[in-house]
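Read the structure below first, then the notes.
Chain IDs A, B, C and D follow the sequence of writing; residue 1 opens each chain.
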């Protein structure tokens, strides 16, 4: 997309925000795929959630309705709950296996 | 008017006794059980009084509580209605029910599962009242099934004896056949009248012409009749009733003599407008009735178990009522329902009192000479006897006479058969009474019969009074607004039937008091027919051979061995094996590394987005 | 001005996110994630979501990430070792992700007209008052349900993390 | 853009004042504790040790900052920065007074007024924990690590009661902006009881004020909640490995947090810059009286000085005080200074309470600390919030 010079546009094109959210989301996915530390993987999930939140906010700006804000608020709440449980799980996993290597924890296979 | 109180009170009694009865004292249980029924009886009196039933100015009254089912055109409300028919039944059910509850307090005093018994009894009252009060066929059906359930529970009350549980099952299963017919009838009514409310349905029927030959209305009527034969123990479904005597005697009196078995009569009388629109159906009702009456009476001749005798007499009396219905004399048969409720309840309660006195002995051949030992029971039982024998001016005379008159108008042969049956009735009832009270005692010498406690003989006395004087409660006149004027028969009919009744009594006296040798001689002389009659014409065996065995074998061989094992299990196991086989193939893809799965997910997401994008014309 | 602010925040966010992915030490990743969140809060403010921005700071950066950092310190499990296997994920994944970004970016450009743009203060629906009003009228049930969810999460976390008493 | 320049000027002023307050707060603390413990405290550097802070600063700056070899360098240096950063930022959001007109410029005594100020302050102060936690973790030392863990756990735990305690008065005042919060507490009941939230109907917020104060002590790692730096258990907790400026940074952060908490308490519960009693009872005369009196005290001391150079210094201070008193008397000065005076007075009182408590109370045990937060304060705060909400809804 050609960047129009600032004086030409009033404000920032909405598409930039969405693109930013896409990039962040992709980076989150990348973290999920490439990192092997459970905690890092977990944090990449949080990153994805944040990216989605951003797109929520951006769209609710476009639609001039604050429902998007409320959705992202709920996302935060769920993320909090998820963090609590997830970290507890990670603690137990570490307690039982003395490792955070996600590839060591492959008992899904069998 | 709070009609709902009438059934709800016994239900409350059931709830209390059923839930906490185990912990309550007998006095408390009695108070709850009898009290609830008493209250609902009083409430019935108050309601009927305010509705003006007692000065004859009762008009139909309806209460709507809430809409139970509302789907599309189907709209079924919980409505209770009172009209003259209902009024009669309410009086019978609550009144006789109350007496029998009081009686049961004495009778069951020494039984186990005391609270269970009374809880069931109250539950029965609830369902019976719902049945009677319900203002549409579905509520009627609810009550119908409910009383069936209670009858099952109470027949199998002594569930430790196998015969009791068997009898319960038999009653339940046989009734299923009738209920099947009934439910079909309800469906048909819905499909053809678009409603189940009595008012609407009958309103629509009025507009229709009387069906000359078989049509929808006839079909509906006949299906209703099937239901009625099931509940009211008519041919060919009467077989459960005699066995139902396995239950405690108050149960036999309340459920299997006075109230529940008359539900069929109620249902047909309630559906009178429908039946009146199908001549053939009415004929069939009448024929079923008369056949049952005669058939059961013949069986009754040779029974030796006192309760069995009365059971068959019940069947045969119900047959009379059907004759009344079939010949269009609805009011007469309702009248007979009432009188029958009085004297048959009295017979059973009296028999119960006798059995109580002999501590469990039911065989007539081991009784005798009890008149001195238990005078009150004896007297009351004879009151019932004369009532059922149709001796004027006692209650049975009026109602039976009305029915027979209607039968004569309809078809003379029915009249003659009915009269003959009346004679037989008189004969076997008095046979039982003479065997029981006259002659000398043939039972176990060690046991000393004793008179029952007042809680038992007071209800007996009341019922005796009712069965003597009940004929003067002019039910037909009361029901005139619903079923039209009761038609008077010629006097000679009356004389004939009375003569037959008295004749039956005389023969019984001759056979079993004067010359006890004669019946044995007869039994020997006609040993073949006697054995037939004694074994109830082998009907049960016949049903076993034709229906029960095939069903059992069929379900074992076909349904179990083939259908269930081969097909269903085959399908299920097949599904399982196929699934595991597929899984074995697919597990290659399951590396167990979360990140692989994530990769798959991402790939899929990308594909979806690409597809959507291209579709969106990207 | 808006554009400059946005670019600053976006730059911080992207750099931090990249850092999150490339850093081998979880605590570095955690801090960079906090950076992302902070800058996102700024961007929310720009988009008129002042309440969400505050919530982002309080809930995400202030609470959730503290929890993360706390756990990381608790386990104190050093750097990640070099990958032994499963390299194909990396090789297949990167191009896939690029495709992904390109696709969605095109989709966005395709759907949204480049004309509509964001001015600070053009949308005032994001005040605490407005959000609260909607949250407790239209979204009351979801709100209550989330509270139940949190309760369940708390219980679950306690059950999972408690010491086995035996 | 005048707005930008104006904000910059304000920022500069705030920073200057804040820095000096930090420095002298520490002097005050030492003095107060000394007097509580029947000592005299610092008095070598300058009269009554008034120049002590300066000396300390010089000492800290000139000291050699040594970095242990085993630390994780980046985070080791990042930590104090983060701590100071998130301790100072909230200051930009805190108003010190109402609107003023100086040289024809109409402005507010606040760097910037945000409509969600209180929330932002809460969030930013919540970020402060990272400094401590990072410091503890990065200095690769079990005591520090324990300190860091403790402080992060403690801060998370005490943020909940704090937030709840803050929420209650907000329910009454029905706003999130500091300015409106303070405006909501203007006026008096029956003409003399100030409408501060701790007195204001429908439900005086005394409980939540106390809760807030206790939580504030915990948030700032002050005694009796200074577990993260419990000398006798953890050497010095998270800043064991820090020295010279980095150490000073943590020190500053802690004091800045104290000031922030006191300011918020003042704004939220004590009616900000609104006077203690109404004007017509001469509330505006308090400041000049105090300053004048202290000026006179200086002069009286100057008559019989303890040390030779006091003959010069004390009169100087006397003149200074009298001058300030005079400033308070001219209307223009009064209009600017009165709010500042009241605000400062209230904040100062709370700060004094901080120090007083430190001089008085012993330290909690860690489990007691946690239990106190979760089993006492949290439920109490919930109940308080509930009651407040109920009463607000009813009235």
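Assume contacts are C-beta pairs under 8 Å (C-beta built on N, C-alpha and C of every residue); 3 or more make two chains touch, one makes a residue touch a chain.
No experiment lies behind these values; they were computed from the predicted model shown.
Engineer: Between A-C and A-B, which chain pair is linked by the larger number of C-beta contacts?
Structural biologist: A-C
Engineer: When the C-alpha atoms of chain A and chain C are each averaged to a single point, how far apart are the two points in Å?
Structural biologist: Computed value for the inter-centroid distance: 5 Å.
Engineer: Rounded to a whole Å, what is the gap between the Cα centroids of chain B and chain C?
Structural biologist: 73
Engineer: For chain A and chain D, what's the span in angstrom between their mean Cα positions?
Structural biologist: About 37 Å, centre to centre.
Engineer: Residues touching two or more other chains, restricted to chain C: which are they?
Structural biologist: 51, 55-56, 63, 67, 72, 74, 86, 89, 93, 97, 100, 104
Engineer: Residues touching two or more other chains, restricted to chain D: which are they?
Structural biologist: none
Engineer: Give the residues of chain B touching no fewer than two other chains, as numbers and ranges.
Structural biologist: Correct list: 593, 595, 599, 602.
Engineer: Name the touching chain pairs, please: which are they?
Structural biologist: Chain-chain contacts present: A-B, A-C, B-C, C-D.
Engineer: Taking the complex as given, what residues does chain A use to touch chain B?
Structural biologist: 29, 32-34, 36, 41, 102-103, 105-110
Engineer: Help me check something: in the complex, which residues belonging to chain B touch chain A?
Structural biologist: 590-595, 598-599, 602
Engineer: Which positions of chain D touch chain C when the two form their complex?
Structural biologist: 75, 78, 114-116, 119-120, 122-124, 126-127, 129-130, 133-134, 136-137, 145, 148-149, 152-153, 155-156, 159, 163, 176
Engineer: Along chain A, where are the residues that touch chain C in the complex?
Structural biologist: These residues of chain A touch chain C: 1, 4, 6, 9-20, 22-24, 26-31, 33-37, 39-40, 42-44, 46-47, 50, 53-54, 57-58, 60-62, 64-67, 69-70, 72-74, 76-85, 87-92, 94, 99-101, 103.
Engineer: Of all residues in chain B, which touch chain C in the complex?
Structural biologist: It comes out as residues 593, 595-596, 599, 602-603, 605-606, 609-610, 612-613, 616-618.
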